[in-house]
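Below is a structure I'd like to ask you about.
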Amino acid sequence: MLNYQAILEEIHTSLKKTKNTGEIASYIPELANVPKNKLGIHLQLITGENYSVGDASEKFSIQSISKVLSLAKAFQLVGNDLWKRVDVEPSGNPFNHLSLLELEDGIPRNPLINSGAIVIADVLLSHLKNPKEDFLNFVRELTHDETISYNEKIAESERVTGFNNYAAANLLKAYGNLQNKVEDVLDFYFHQCSIMMDCRQLTNAFFVFAHKGKCIKDVQHLTSSQVKRINAIMLTCGFYDEAGEFAFEVGLPGKSGVGGGIVALLPHCFTIATWAPALNPKGNSFLGMQALEQFTTKTKLSIF
Amino acid sequence: MLNYQAILEEIHTSLKKTKNTGEIASYIPELANVPKNKLGIHLQLITGENYSVGDASEKFSIQSISKVLSLAKAFQLVGNDLWKRVDVEPSGNPFNHLSLLELEDGIPRNPLINSGAIVIADVLLSHLKNPKEDFLNFVRELTHDETISYNEKIAESERVTGFNNYAAANLLKAYGNLQNKVEDVLDFYFHQCSIMMDCRQLTNAFFVFAHKGKCIKDVQHLTSSQVKRINAIMLTCGFYDEAGEFAFEVGLPGKSGVGGGIVALLPHCFTIATWAPALNPKGNSFLGMQALEQFTTKTKLSIF
Amino acid sequence: MLNYQAILEEIHTSLKKTKNTGEIASYIPELANVPKNKLGIHLQLITGENYSVGDASEKFSIQSISKVLSLAKAFQLVGNDLWKRVDVEPSGNPFNHLSLLELEDGIPRNPLINSGAIVIADVLLSHLKNPKEDFLNFVRELTHDETISYNEKIAESERVTGFNNYAAANLLKAYGNLQNKVEDVLDFYFHQCSIMMDCRQLTNAFFVFAHKGKCIKDVQHLTSSQVKRINAIMLTCGFYDEAGEFAFEVGLPGKSGVGGGIVALLPHCFTIATWAPALNPKGNSFLGMQALEQFTTKTKLSIF
Amino acid sequence: MLNYQAILEEIHTSLKKTKNTGEIASYIPELANVPKNKLGIHLQLITGENYSVGDASEKFSIQSISKVLSLAKAFQLVGNDLWKRVDVEPSGNPFNHLSLLELEDGIPRNPLINSGAIVIADVLLSHLKNPKEDFLNFVRELTHDETISYNEKIAESERVTGFNNYAAANLLKAYGNLQNKVEDVLDFYFHQCSIMMDCRQLTNAFFVFAHKGKCIKDVQHLTSSQVKRINAIMLTCGFYDEAGEFAFEVGLPGKSGVGGGIVALLPHCFTIATWAPALNPKGNSFLGMQALEQFTTKTKLSIF
């Protein structure tokens, strides 16, 4: 039997000594103020045990990690019709995120790149009565945690600087793949990205993907077939243009955010979340990637 | 000595019999209402003679033709500093207009593609006191014609449907190549595109490029070196991704617009404008392209 | 306990009724002669049980499936140095296989696209004494089967028609990422692709990837860490530009070939191979893809 | 009346003082041995006067300049059918020369990029009885000069290092846009590029494009319509991805080669050739570009 607590502590000790060459994301001013040396890891087994080290209970902005949660809600609401508006293939290079949209007539390559997540946000706006409130409630139900909230300051900070997302949303609109107003869709999108969680809350939220669609309170939110598909998308598309590298080094479905969080999971086994705000050049947490690579190497637990 | 009037009439007669397979631009609702069978040609020699056939005195929206006039004004205002923010190379394919921006770090390929013209609009906004008024005055001075105006209905029509231009402007903003607000720059841009002229007025406006920088009233607006450069840009970039074809078939610097207008010129010799609203698949006037090809073939007058 | 034989038979019966809209690959003349209605499936559990239906014991050309075997041999020979010459990211679109090479300075996106497999062939040429003989012996050892051979007619057929591969190899050479002569590397590459196997032999060959690096005779050929990485590459890159779709619908690491074969595996559990020569528009076996989708749906066995 | 000799001397003197930051092309070993400080200019008026400075009578390898001569011969032989196999649009970026071929189904963007010139070479191979001999005779007729020859050493040097051209030719073959064997087409192509001329000979060879299709001995080789089209292609496509810049700064149809030569012309007026072997980062002669810019600025002679 593995001593998970000892393993997390080994990893934490080793990474605290590592020279951290990552950089804090500066393009969202509100994110730039986070101390660079933070490092937290939380592991939750499917059987309910929890293990924690470092800054695992400190909240941060989950950013792109929210894309998996909005995808889950949209998949729950509209089923396979979703795939008429967004594809499920990895996106390749970073340089061409809008050019891919142009080449592929306004169908985003997958729901975890920004343009794809904006289409998902549009779907939620069309199907939820009070979109921001209802989506937050979905996240609170998954985590059984009423303290989870939007960070209005971060959402506003993105609203005034998110020109790339305005470009993507307008291009989608030009291709007829956005039903609601650009401003409304992006307001929702900036809010979902601003959600604050700590590592433990993230392992709660993603428990549903490790447990055949059932959340930590054993409520069935998604079918096991939907969960299988979402996990496949996380594996092939969850780490920008480093998805292949993450599958190769870590071997788990997961998702990163520019707030420095990463969450990953082994179906039927565990969910794990890390937080370390400095990012590598591809936009993924520098220490978080290493923490997860060490974890799967030490435990020999991966999907491969 | 060539009988220009007879040549224009021959061309007009021949094209009236041609099956017009072009299509009216429908993406700007206000443009979609123009009758498809309109055809006008106006020729103005550098020596002042004027020749006209068909609907040459009917006004239409000059659209992208305005990009040459805004370029001229911006070049006049800031000189060669302009080329720090926009390049002078042809753009190649249509499919990748935003992808080129991404590949080239926000520097538009040339000032006659939309993203380049938006940068030029931004320059004018930064340097003109009353941008819309001052720019219109510049066009009125070039043409010596106070009747030339914006068409507010067309400008508004583009404002509510121009998602591609919003995408381009936001992407430029993301790259730091837009100083003013997206909304303000596009308001100016949609107005410049909405300017109404007839064929004769267009030959007046472009006289300055055929006459070493002097307008029809012999006022020097641009240096002859600036005019040479603007003509070079028109030749290599003036017809979307059909620029090579136009140089090859017609052999004149020129510019087309989706309103169905084309204006072209032979330095030191003449300016010529055509109007026929149905467009070929590349977005250039179907009959206008043929009219100009016939004109340079019949007269053997081209820069080559 | 699942009745695997019954499940394979159900799938076989159902697919025999399916309208097969796939097309036999015609660009390699020798492949064009295979009857379109062939369909075989073979399943091998890690515990040694075997289940079979249809044409599972008929040999066919494994084509691109061989890329995983050559990758395994090269990884065994040179270890992680391999990744200096080839990346591990999914490739995105089909249209741009050479353009990606150009964009990325001659480093193929992954070892399972043609340019990447050509680099792997070059590595084997540099490190094996008698490359074609030694590689065939490696495959025979994995499968414990001396009857496996090259098909000289198919290899020759590719040699005289494989202009795309000559283009890729010359481009690699231009970038300095090919050490041996183009002709020699491609001679090896066309031979590896020509290997003939039936479905059962394929499940034998890929047993090593399901069993932590040990072949069916329990000999350790690769480390478990190497196997994990190769499985990750198969999952993210094994199906041309349909890799995301395969992960999404099937959820197993695998590899397809234009000969109509597909092999896939669940680590620690089973290997499965299908053969049905007609291909979908993305170049993967039309019925094979469906067979595997049905198999993982019926058994609920997938990595996700 | 302009004093051309004085102007050429001014330019020569000024450029001799310029810091030459260009680099000799090193990828063809035989070209790497040329002294970097060479500089020659030759001007020939349509009226027959000749003006010369510096190393204008020293021979060098004309390289890509030959593409215009092979285009002229192919156009003469097959007329407008040529344009079924090659387009006439500028190519945009350098990075994507093969990707453009892939995007455009094997139709090269224009006859002056390598892939286009290889198609032209294929046309000549199909239509000339003794291709290398007949093409050389065509060049000798244009120049009325029997001393012009291939440089076998340079041709051989390209044959063993021209992997990019092998890649392009094989890709064309894969798309069905090459009728002859790759080896045969490239043997012809490497020979045409190896032709040795000095600046004066170049002005003789290109006289035909300034004089409505008549060579220096007044023989009609091309129609004036063909000449107009070839000049248009030179203007829009003659300088790799610096064609816009050359049109903008110089304003003449022309063509450069990596041997350091440039030839340009003003229809009905003159041909001019420069030679200075060090190249700018875009592959055009560093001093040659400046010489021509100074020449058209000082003389105010350009097509614009």
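Annotations for the structure displayed:
So that you can tell them apart, the chains are marked A, B, C and D in the order they are listed, and the count of residues begins at 1 in each.
Assume a contact is a pair of C-beta atoms (placed from the backbone, for glycine too) under 8 Å apart; a residue touches a chain by one contact, two chains touch by 3 or more.
Note that the coordinates shown come from a computational prediction; the quantities given were computed from them, not determined experimentally.
The most distant chain from chain D is A, comparing centres defined as mean Cα coordinates.
Centre-to-centre spacing of chain A and chain D amounts to 54 Å, using the average Cα coordinate of each chain.
Each chain gets a centre from the mean of its Cα atoms; for chain A and chain C, those two points are 32 Å apart. One inter-chain figure worth recording: chain C and chain D are separated by 46 Å, centre to centre, where each centre is the mean of the chain's CA atoms.
Residues of chain D in contact with two or more other chains: 103.
Screening every pair of chains for touch gives A-B, A-C, B-D, C-D.
Touching chain C in their complex are the following residues of chain D: 95-99, 101-103, 163-164, 166-168, 170-171, 173-174, 182. Against chain B, the residues of chain D that register as touching in their complex are 87-93, 100, 103, 109-110, 224-225, 227-229, 231-233, 235-237, 241-245, 247-249, 251, 253, 267, 297, 300, 302-304.
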